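Next, two complexes with chain A in common: one pairs it with chain B, the other with chain C.
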Partner chain A sequence: MSYFSDIYNGIKTLLTGMSITGNYFLHSRKGAITQQYPDNRETLKMFDRFRGEVIMPHDENNEHRCTGCQSCEIACPNGSIEIIWDRQLDPETGKKKKMIDKHIYHLSMCTMCGLCIEACPTDAIVWAQNFENSVYDRSQLTKVLNRPGSKVKAGIED
Partner chain B sequence: METVTEITTRNFKSQEYFINMGPQHPATHGVLRLVLTIDGEIIKKVEPDLGYIHRSIEKMSERDSYQQIVHLTDRMDYLSSHINNEAVCLAVENALQLEIPDRVKVIRTIISELTRIASHTLWWGVMGMDVGALTTYFYGFRDREMINDIFEETCGARLTMNYNAPGGLMFDIHPNFVQRVKDFIAHFKTKLPEYDRLLTGNVIFQKRTKGVGILTKEDAISFGASGPVGRASGYSCDVRKHHPYSAYDRVQFNEILDTEGDTFARYRVRVQEMWESMSIIEQLIDNIPEGEYKVKTNAVIKLPKGEFYQKVETARGELGVYIISTGTKNPYRIKFRSPGFSNLSLLNHITVGGKIGDLVATMATLDLVIPDIDR
Partner chain C sequence: MKIVSITKTVHDWLFSIMPEGAASIVEMVLIAVAYLAFFAVAGLYLVLLERRVAAWFQLRLGPNRVGPQGIFQTMADALKLVSKELTGTIKADNFLYNLAPYFVIVSSLMALAVFPFTQEFQAFDINIGIFFLIAISSIGVIGILLGGWSSNNKYALIGAMRSGVQTISYELSVGLSLLTMVLLTGTLQLSEIVEVQKNGWLIVQGHIPAIIAFMIYMIAGTAETNRAPFDLVEAESELGAGFHTEYSGMKFAYFFLAEFINMFIIAAIATTIFFGAWLSPFGITDSIPWLGVFWFLGKTLLLVFLMMWFRWTFPRLRVDQLLTLEWKYLLPINLVNIVIMAILVWLNLTIKF
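Entry: the complex of A and B
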């Protein structure tokens, strides 16, 4: 007897479960969470805090806020940040001052932990929300964050 | 010269042979290799072979400062990354005897419980998929997506969040956080009964799981099982209850215990835990205390000389962090006691004598995360 009741219960519970899937099938428009990526690139908005990659914002005079204090380089656990710096003559004071030559960022080694941005005393580096980082050659993932010819904004001291 | 009868008896004789399950088997959820000794379909022995995803996180931690260790623990049990971070932070804070603000404690607890729900929904979907019900996978991931959005908005990442830092949090919660969590709780309360109707009540699923992979209470204790695996055997081992940390001492919740110890009991314990986690979040979300989100610590954290241990309850069980410090800015030795490793060690004990299909169902409810086992 239990053989037949098992079959009956099996079909009954199967139909109970299928009523849920059937319900979603009939009302599929209402609760759809699927996004049509990459067709929705224009409208896709990432959250403000999303960690895509590290960038260094420059203003219209091609000036950044990095003083070359190397806090980010020390804070980084993976060696993703390398700073090449030099002491150059400051035209305003006439004294020698530490300035960055190149702020090199190895995106391929970065684990997006955010410790460099926490450590920066002058907010020179921030997160960008770009997440499409695939390239054909690994060397393209090594980036120089400061633009050519840029200099530090006046009045930024660490 | 062999006769025909001799050849046939030799070929059809019962004989044992080895078969590799993994490292690329879909039911092992990662790079776990199981060397099975089987006789036909009957399992004689299960030997896990580890090392495929070993990254030497413990050794790397000896190189790093205490702030930098935290982000490595994201990569151990990636489904409960926030709880792993919390374990290291609590160990460092206890060693420094820092007074942590209430706001930090409450936020940490809420996010830990959200992580637990996210981990259990993923497990539920994958568990169904392992025993042949693909639909559960999509429903589990649909509800987990809402939690991932909350994490992405507040912490900046969906999985490897690194939101904790020794002394508090990296930054304050997002203004939308409270509303989003409330929306999720309201949404999930209507969806969790659907989970039961879809899978728990299904007779085919019950036939696959009831009486399979039975773990007794004595074995659970002697193998060091923890988390839902231990609690399904009646072993009361919830760290949140017995050694409360963060804000767990100020909320009311039940420790879910079961006595059967089989695969279905482990399934039931996890589904019930999602209800408990929701109740914990509901108790805390309305009154997050005002205050600082971080205590000021030195830029270079130096622990006093000595040994420090902190355990927390992750979605899989008890995670222990053991730090030996010699007074420098790096730990002399750091050891993680991960729940997955102990839970894997009892796999051979509870699956011997069963079928290969039972092994898949049992392994699904052990909820193994391989990077947690290998580290």
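Entry: the complex of A and C
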């Protein structure tokens, strides 16, 4: 008699499926996941884990957390990061200290693998959530991440 | 009576200005043009409806940019397809390759002619209406087979062969489920079937066996139109685009439109046979006969929606599952159902108002 129970179960499961999709259909207005992109440019916010580009956050005193250890430059598989550094006199201790001059990031070469951010021991670089990265000249994609005149935050190296 | 009176005025006017033979030919051409226009517009808007409904099922929005709520989207698509180059394969059988789309499109156009859109608004009230519909709907598969065979492409050929298997199998169920209802009406003529339904739609008159017949008809009808879950004919993941892999531009559009018109036809047959065609529920608009068009189209679109619901819910069947469903389940149930219906009619157990 499995013939008739098969038919019964078949119809029952098909109707279950239809009720689920029907429920989606009725609630599609509220729950539509489509972003109507150029229209909602003002309000569109990417989720936290979105990998837009690498940035270096600065605080209000124009201080960043990069010590110039070059871990990110070594970790990068395709050479997107170049760090220009030199040894300067630390005004507080009077000793010579390694400091970054420019943290150069080539967005055009970056594959968004995130290895630099994982490698960074001081969390100096993070992902930004912006996504409108197109420009008319590729030289604009080469970015200097540390702001002019910025310095490393005190106490990071300890 | 508005529509009827318009057709009558045109008819009288034509016969007053030219000889009888010429007038009737002009009339035929006019009707053909009207149906062609309906075919094109209905096809395009069914495509749009499908895309919007599909989007809503998947929690998307669907095309809403071309015109208000995207109503010109498919028009734009059609314009694009018309302007595209017609490519073909070098070793294709050119004659059959070019003939195939017309087979598909003409067969679905012919089927459109017999539907009673409202009282006395029917191009061709043939006395073997249902038989004609069943016969015509099986011609379309020849176009698909020709297209698959002549494009000299193995995917197209496999798709066409699957279509042959599928249509020949499911034709039986479509025919037998309609036959079940014919037992109730006692006639094959569509206008008379509508007359019978003035005592209650056939799905009410025939109650249990009619509902079973309707379910079988909808399953087999979906299979006949080669739509999901029976779309192994054009299974994208296996066969590219199936039988129309090698078609481009307008010839592809013919296949595409014919698929949607076939869906409309299947739904329209179900409306006519099971849901009383242009009759309003409980006769609420019997005094205004031209409203029948809206009832007919409304019921048909509801059934079209049901088929879209199937499509966006169920996964595709394998070939063996397809044949098991038809030969082990639908066909035996259908045959038993006919006997039940015959007993019902014999013992006069039908529900009539």
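Keep in mind that, in the parts below, the second predicted complex is superposed on the first by the 124 of 158 C-alpha atoms of A that agree within 3 Å, B and C clash if a C-alpha of one lies under 4 Å from a C-alpha of the other, contacts with A are read in each partner's own complex, and residues count from 1 in each chain.
Here is the rule we use: contacts are C-beta pairs under 8 Å (C-beta built on N, C-alpha and C of every residue); 3 or more make two chains touch, one makes a residue touch a chain.
All values derive from a computational prediction rather than experimental measurement.
With both complexes superposed, B is the one of chain B and chain C in contact with more chain A residues. Contacts of A:75 after superposition: chain B is touched, whereas chain C is not reached. In the superposed model, A:36 lies in contact with chain C only, and not with chain B. In the superposition on chain A, A:111 makes contact with chain B only, not with chain C. Of the two partner chains placed by superposition, A:154 touches none, neither chain B nor chain C. Once the two complexes are overlaid on the shared chain, A:22 sits against chain C while remaining clear of chain B.
Legend: residue contacts after superposition of the two complexes on their common chain; A:14 is shown touching both chain B and chain C. Look at A:50: by the touch rule set out above, it reaches chain B but stays clear of chain C. Across the two superposed structures, the residue set of chain A contacted by chain B and also by chain C is 14, 17, 20-21, 33. Across the complex, chain B is touched by residues 6, 9-10, 13-14, 16-17, 20-21, 33, 47, 49-51, 75, 77, 111-115, 118, 127 of chain A.
The part of chain B that touches chain A in the complex is made up of residues 64, 67-68, 71-72, 135, 142, 145, 149, 152-157, 160, 162, 165, 170-171, 174, 194, 197-199, 201-204. Chain C makes touch with chain A in their complex at residues 53, 55-61, 309-310, 312-314, 329, 333. For chain A in complex with chain C, the touching residues are 7, 14, 17-18, 20-22, 24-25, 28-29, 31-34, 36.
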